[in-house]
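In what follows, structures are represented as structure tokens.
Next, two complexes with chain A in common: one pairs it with chain B, the other with chain C.
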Partner chain A sequence: MSVKTVGTPEQSREPDLSTTTSRRPAGTLYRGREGMWSWVLHRITGVAIFFFLLVHVLDTALVRVSPEAYNAVIGTYQTPIMGLGEVALVGAIVFHAFNGIRIILIDFWSKGTVYQRVMFYVVIGLWAITMIGFVPRHLINVFSH
Partner chain B sequence: MSTATLDAAPSDADAIESFTVTLIIRRFDPDADDEPRWQDFDVEMFATDRILDALHKIKWEQDGSLTFRRSCAHGICGSDAMRINGRNRLACKTLIKDLDISKPIYVEAIKGLPLEKDLIVDMEPFFASYREVQPFLQARTMPGAGKERVQSVVDRARFDDTTKCILCAACTSSCPVFWTDGQYFGPAAIVNAHRFIFDSRDDEAKVRLDILGGKDGVWRCRTTFNCTEACPRGIQVTQAIAEVKSALMRGTA
Partner chain C sequence: MTSTTIESPRTPAGSAKTRGINWEKWGWVYMRVSGVVLLVLIFGHLFVNLMVGEGVKAIDFAFVGGKWSDPFWMVWDTLMLWLAMIHGGNGMRTIVNDYARTPVLRKVLKGAILASVVVLIALGTLVVFTFDPCPPVTADQAHLLPSFCPAP
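Presenting the complex of A and B:
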């Protein structure tokens, strides 16, 4: 094998299999780009919003059971932890809403697939602007009562 | 490229700069392993070499049991699609100079199809979807005697992008929907349906649209654009799927 002379000398020595082999069987995470990660975020926020709405319908329905029970449950929401949770909730809904518009444009606007990446950064920008407007005002309310 | 290697090396060692590249390959031998395992190899490579050359060097000089498909080695046959550093690429079109060789290069089989050995997967589910969309010309009219079917330049350009497909499965196996639900036709089958749906000489667009409008058809697409990123031929795959969706909604091809 004359080709072997090209490589370094130590390369021809067969390394021990246990030093070159890892038993970790899983494959690597697929490195998708903006499109894939926007979809992952859209799915996570969508499922999170679904569970919020489920609880929200239940606690609102309590007012039909008894107004006292409703007040008691809503009262437990008035804590700083819930206040921070509301930041996450609004963040999820705002992303889901803006990215939803992006997906509608991809499907119905003939140039949508061409500008999908630009639109993703527009979504992130709009999300950031909305959150900058919302979060300080909201946190002042949460922590001053 | 192997002839260049042999010519350059003995005459002057530093005529062309070469690099030691570490490849970490996900190996699986169905006779010996329960689970796939990662194995690393050091190969001496030039910047202009391709990942396929590295695999050849490993197979020819270090470990003959390394198993992978390749035929033409020039990006046309579509045999050597694999996941290189987490993205679906053709090994024969991925140059060392385009990768960060200060870190190891991860090479593994494409995802979502049954792993058979090392970098080889069972392509049958992929080709089954392809066959199902009837990827052949079906015309109900006869061309004039001694004549071919005439098509205008504009009509030909309508489906030009989707004629480029080499059926390497890089797109289908990059699709998160296909990973979790192998029933989905997948981007490649839709691309090849698109090629005939929008061909003015073909008369069975409606049959293909019916197939793709079903439960496992184009509506499974979540527009993640992984297929468009993965396509080694630069086909705008998600665009093609969107055009089929739009034809289904408007009822016209």
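Presenting the complex of A and C:
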């Protein structure tokens, strides 16, 4: 059953602009700054990974057609342009994975909401370390063999 | 004169369900549980396929044949397929719920998501478990097979 409010508008949970000097909206992680941008990045990387996954299941299914068909298609993953695409894909996956852990900690760790902003920068830091480990080795494989 | 009733801003579009299984809650739980498992499965997948040896350059039919002759990787990849497709499909459903406004568009998009998830899980599972690493090939293609295959 829906609650009907007739005449009296719901009281706003946010402080009235005349009584606060803060420019940041209160009471939410998800509006403005790190909380919002991590959410935006989580969505964009999630959608990108989903569409890659659709293609990746189909290209892998070609092993059931013939060795020749599979090798022809997987060969296109080994070109320099796709090599750079794989850097973007791995970057998206690593961010989505680490930020996913951050979301779980916000939900279940009692201090999660207090440290959500710090954890965003931890995510960025771990992402950078992982990419420093991955990118040079991958690009050497793509460009030198 | 008719009076206009303005609903509270957070009133759900439909009537709130109070009985039966709370699917939205279990969907929420699923995203977190599968997310943690997928982190391990996908990081392992990426490490073995892109970091070890010559990385992406070493992937070909013989490479896949070698992996899928081992039940360990068959189970790993099948688990990854199911968990990832459902995780991704449910994430896409959330996005459709947020941005698609008309009921028809929402139905069409969610139907397309469900269809692609079901078809790809079925296809992928079938491929992993009916895969033959040493299929009958003509002599000129024998070199594409894994090294453990008997000579034709």
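As a convention for this text, the second predicted complex is superposed on the first by the 114 of 145 C-alpha atoms of A that agree within 3 Å, B and C clash if a C-alpha of one lies under 4 Å from a C-alpha of the other, contacts with A are read in each partner's own complex, and residues count from 1 in each chain.
By definition in this document, contacts are C-beta pairs under 8 Å (C-beta built on N, C-alpha and C of every residue); 3 or more make two chains touch, one makes a residue touch a chain.
None of the values given here were measured: they were computed from a predicted structure.
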item: Touched partner set for A:112, first chain B, second chain C, both or neither; value: first
item: First, second, both or neither for A:72, with chain B first and chain C second; value: neither
item: Which of chain B and chain C A:128 touches, first, second, both or neither; value: neither
item: Which superposed partner A:55 touches (first chain B, second chain C, both, neither); value: neither
item: First, second, both or neither for A:47, with chain B first and chain C second; value: second
item: Touched partner set for A:88, first chain B, second chain C, both or neither; value: neither
item: Touched partner set for A:36, first chain B, second chain C, both or neither; value: first
item: Shared chain A surface residues [contacts with chain B and with chain C]; value: 1-6, 103, 107
item: Residues on chain A engaged by chain C in the complex (per definition of touch); value: 1-6, 9-10, 43, 46-47, 49-50, 53-54, 57-58, 60-61, 63-64, 66-68, 70-71, 74, 77-78, 83, 86, 90, 93, 97, 100-101, 103-104, 107, 134, 137-138, 141-142, 145
item: Residue ranges of chain A in contact with chain B within the complex; value: 1-8, 11-12, 14, 17, 20-25, 27-36, 38-39, 103, 106-107, 112-114, 116-117
item: Contacting residues of chain C [partner chain A, same complex]; value: 3, 5-9, 11-12, 15-16, 32, 35-36, 38-39, 42-43, 46, 50-51, 54-57, 59-62, 64-65, 68, 81, 84-85, 88-89, 91-92, 95, 116, 120, 123-124, 126-127, 130-131, 135, 137, 141, 144-145
item: Complex contact set, residues of chain B against chain A; value: 2, 5-6, 9-10, 18, 20, 24, 26-27, 35-44, 57, 60-62, 83, 85-87, 106, 108, 111, 174, 176, 222-226, 228-229, 236, 238-239, 242, 245
